[in-house]
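Look at the two complexes coming up: chain A is in both, with chain B in one and chain C in the other.
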Partner chain A sequence: MTEREVLLKIEDLKLNFHTYRGEVKALNGADLTVYRGEVLSLVGESGCGKSTAAHAILGLLPDNAYILGGRIIFKGEDLLKKSGAEIREIRAKQIAMIFQDPMTYLNPVLTAGTQLREVFDLNEDFLKQETILSLENPGRKPDYDIYLTTRTSGETAQDARVSKGDLKATANRLSRDFLTLTQLPDPERIMTQYPHELSGGMRQRVMIAMALARRPYLLIADEITSALDVTVQAQILQFLKALRDKTDAAILFITHDLSVAAELSDRIAVMYGGSVVEVAPTAELFQRPLHPYTQLLQKSIPDVRKVEKRLDSIPGFVPDMISPPSGCRFHPRCPYAREKCHLEKPPMIEVEKGRFVACYNYEVQAS
Partner chain B sequence: MEVEKKETQSKETIRRSERQAFIDNLKFSLYLLRKNPLVMAGILMVVFFVVTALLSHVLVDPATAGVYDFSKNYGWSKDAWFQWGVQARIIDEFHVFGTDGWGRDILHMMILALPLDLSIAVAIVSGAVAFGVCLGAVAGFVGGKLDEAILRITDIFFAFPGLVLAMVFAAVFGRNMVSLVMAVLAVWWPVYVRLIRGQVLAEKERAYIQALKAAGLGRVRILFRHILPNTIYPILVQATLDLGGVILTFSALMFLGFSPNPAMPELGNLASDGIGHFFEAPWLIVFPGLAILTIALAFNLLGDGLRDVLDPRLRR
Partner chain C sequence: MKGAILTVRNLKTWFPMRGGILQRISGYLKAVDDVSFDVLEGETLGLVGESGAGKTTVANTLLRLVPHHDGEAYFKDTEIFSAKGRDLRNLRRSMQIIFQDPYASLDPRQTVMSMLMEVLRTHGIVSDKSEAREKALELLNKVGMTDEHLFRYPHEFSGGQRQRIAVARALALDPVFMFLDEPTSFLDVSVQASALNLLKDLQADRRLTYVFISHNLSVVRYMSDRIAVMYLGKVVEIADKKVIYVSPEHPYTYFLMAAIPVPDPTYKRKEVLLTGDIPSPVNAPSGCRFRTRCPFATDRCTREEPPLTEIRAGHWVACHYVGSLDFEKIGAGMAASAA
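After this line comes the complex of A and B, so read on.
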């Protein structure tokens, strides 16, 4: 395996939510690396900090969140140190996020087309460049290679003078092309419709089109299939799978569903209690899970080929994040817990190449 | 060649379908309005008043209607004062609403008053909405100390009865149309501040605002392009209702004697002409008063139905 370019690196991110009941220690030293062009799934149960981590990347945390330490390095720069304008620029052009519930994440009083076109208002370089290209050669076919992979800075296009009408026409054409890309039938009609006139799956596709139109380096998909029914979910997954090969954007796929993650991702990161406990390539994680939590998690996935009376479940409860267990947060539920696990949080160690685990059971092997 | 032809054809069909969609949309709006007969009545009345106002100078020639030249100052001569009561009656020819003390036809004067009253109402309400909405939206969106400051200033204006405060302003700034309009405007904007602030506060917590932030939109753009269109419907309804209210208030100021010119055809001014002659010449005060009432009623009825039509979330 060749050394790949690191796109995003979260280092030891610690984050608290200040609430009336006390400090919610949502992230407890989370580490995560996303390489360029890969699909990384972040799995974990509800409240383990998956979404919080994603929101922290984009600086979308609520007012009561306090970052206590750590760094989020995107393309060599610390996102936590960026100013408001800089982070807005990054949100507009480099990192896109698709949210969980397509019902509420679109503006109800603007048509889908208006909302899509707005993306290009913020990405003027791309729009200008496309306008020039289409003026030079009218009747241009949508070129998805350019849409999804090439990211010219657009500096050449910056000074070009293009009429407003041309820009508008291009924005329209691009919106239509991106809707076509997400396999929506009759994109022209959908562009004139309001969100409430679209179905859940259609809305989610519009959201995906809006995210892709930004031509991001990193696409964060936050539980995007959870609010959809199973058939639509399958369609969206199918589409994302096809997209994975077309685009060179990295996808951070956040889900609580291991099987969905298995379907899509190159690597899987498992989170528990506010930190990442295991990172492994997808196949290896399923063949040989290292962390006890992952092992137990896998046992609790039903297998249609076996007749089982009762599904295995992980003993104990989800940790209380206001007063979490000391040391390794999984130790109260862990069958292999030792005394050391009560005292200190295990560091992330690389057991084999590309396989990371945070558990004292593997200390000996590593050294 | 083939492809190009196909392309133009498909463009043509798109254009046609867009036009069709627009017509359908309009028809649906009309249907929504027709469902409520009161709203329909309000619309008809408003249309009637607006059309009459637009045609006023065709219907009545201001030169022959006995309208005085406003640029001149009119004094009250001893003779005029003496003749007042004598002439205030229906004389030789028939006038539907009678005539006033100068022999002017009340109906004609009311028709001439309509454009003035309506345009003043629109000016005051749009000014108040623009000012109030900007202030309130910023207060709700930014929050914190700025919110607090804007709200306290609004409270100060709320503390006084509107008409009394308007009278104070009118008295301080002098007796001309601009200062009268400013006086009513000055007491009218706080309503919109409160209304829009509440709306914006609720709207900015909605999920799609977070999606917009994640899309890299600036705060100004989020507020004015996304939050305002979502919150403006109650404001539009309130503004339509207020068109009637503003005419009432403005006429009241005129009625109370803040008129810059006693001969000016303005409904409140016309009514105030008859204030001392209620028993011998009731038409002087009754008909202009009824006109004010009807206009206010018309805008109230219209405002009620407007929301159902405008808000894309309610019209399904």
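After this line comes the complex of A and C, so read on.
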């Protein structure tokens, strides 16, 4: 396999939230690399910083967040140095995010169709080009996969003249196409409906359609199946798998559920207490987890295929991020903790090809 | 064979929907519609189904937290819905519930101590303060917490600790029966296992009977002895957990099991997926409620509602075509059409 193209690289990101109770040390030197076209799952418990990292990528942090250091390199440029307008441009065309609760993301007073068409207003070049293509060839059958694999600059469309009516018709057609792509039945009707008229699974699909309509290089999915029932979750996962196989868009899939991550991802990054503690290809992570946290976590989740006599549980509780433990933040719960672990945060090291772990237990092998 | 501690017969919980100027009842939301089951002494009965299936409403109705519409239920020899006075008081002591959301179920303005004392005193379990304190501490120790936690407020605890406090409060009355309504769904994965183990230990220790409600089917399998599957206000299948997970007979159970994610990347899931979502209980489909999503549905399913029948000892299924459906075949067909 050839060297893969790095799409996004988070380096040593440190971030605090100001709250009246004190500084919440949400990210404590997080490192993450996303390659083009892969599905990377970011797994961790609530408060471990996985959503914060995602919001930092898109410049969606609340006002009380302070970035203390680090870089977020997307296609060679540092997103943290971008202006508000530049970040908005990136959000419109290059990185799209889907959230856990579609009801707070969708506008309750606009129909699904209106909200989808808005996406194309932000992407005029694409809309113009599609319009020209469909005018030249009225019977054109759109190939959805191509929407996501070829991202034209829209040069040909720059000065072509197309009527507003044609643009509108194309926006309508594209909206319908993208809804169809997410396997929604009866997209025509859904476009005329308001979010409250749709079920949770349907809303989630409308949101996915809006994200895909931007033809992003990177799709960030933040706990998108957690609020859904298992049968609907399975439908969405199946769709995302198809998307992975057919397009070159990378997916950063954020979840607390290792089982869901197992099903979908090429690689898994495990987060704990504000930093990434282990990164590995999915199969290897499950076969032989390296970090003590990953090992314990894997043993503590029930597997529906077997009847466990008793689950192994991880002692202690999730750390309070206002006064987090010193050194390695997992050390109070870690059975292998040594003195060094109390003192200094272990760096992330590559112990084997493609396998990264931040734990002093692996220092010896690495050197 | 153990006896039934709770017997539920034809339970209906219908919420009236009002409309018009006179606010007349225009229809009913049939959240629980004609449900019957038994819970045996000392067992854990898992109650599973998707959101809107009526699992929580069953628990709330049996605890008389919401009014029932019709049907009867016996706890030991007491009829729950007609119980009054001392009988009702005893019922309240014997049957407890752990709610899903430990952030909503604890009073933010009460310390753990006063919370526990309130329960103990209301039911006259302790006579004075020092005894109450002793008992409160004993309860906290039972759930793995210490005296340093006694005088703290709920906001000082994590979700896992709060849920332990809720368990301690439920245990204060020495119940014999507990509804566990999604007790770990608000907890983090790393503390879920210890909470589940705690509940198992308490059950063994105090010979408790549980009804364990959850949409997480892996957790239900770990906790339960028998499982009842609900769909849109109906119980569609009841059986031993092994039977439910290995050889389900109702098509809904089959599809539900096939949809469970497995923590193993080498596992190839059967590519059989249910399409669509659960319909609204306000105008539920006629006949069999599952027919709109069932690939086997026929005219008969539209016309007639299948009764819950015992096909083998202890295995109840509500389907007209039970035993004659070939799930594997439909699975292969679906996979082919998907490819």
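In the analysis below, the second predicted complex is superposed on the first by the 361 of 367 C-alpha atoms of A that agree within 3 Å, B and C clash if a C-alpha of one lies under 4 Å from a C-alpha of the other, contacts with A are read in each partner's own complex, and residues count from 1 in each chain.
Keep in mind that, in the parts below, contacts are C-beta pairs under 8 Å (C-beta built on N, C-alpha and C of every residue); 3 or more make two chains touch, one makes a residue touch a chain.
This is a predicted model, so every value here is computed, not measured.
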Where does A:Arg329 make contact in the superposed view: on chain B (first), on chain C (second), on both, or on neither? neither
If touched residues of chain A are counted for chain B and for chain C, the larger one: C
Contacts for A:Glu188 in the overlay, against chain B (first) and chain C (second): which applies, first, second, both or neither? first
Examine A:Thr104 and indicate which partner it touches, taking first as chain B and second as chain C; both and neither are also allowed. first
Between chain B (first) and chain C (second), which, if any, makes contact with A:His196: first, second, both or neither? first
Between chain B (first) and chain C (second), which does A:Glu89 come into contact with in this model arrangement: first, second, both, or neither? first
Counting only touches as set out at the top, which of chain B and chain C does A:Arg205 meet: first, second, both, neither? neither
Contacts of A:Arg267 with chain B and chain C, given as first, second, both or neither: neither
Contact residues common to both interfaces of chain A (with chain B and with chain C): none
Which bits of chain B are touching chain A when the two form their complex? 3-4, 7, 14, 17-18, 21, 206-208, 210-218, 225-226, 229-230, 311-313, 316
Can you check the complex and tell me which residues of chain A touch chain C? 45-46, 185, 199-202, 229-235, 237-238, 256-260, 262-263, 282-283, 286, 293, 296-298, 300-305, 307-308, 310-315, 317-318, 320, 333
Parts of chain C lying in touch with chain A, wherever the complex brings them together: 50-51, 158, 160-161, 188-194, 196-197, 200, 215, 217-219, 221-222, 241-242, 245, 255-267, 269, 271, 273-278, 338
Which positions of chain A touch chain B when the two form their complex? 58, 60, 88-93, 96-97, 99, 101, 104-110, 118-119, 122, 139, 188-189, 192, 194, 196, 207, 210, 214
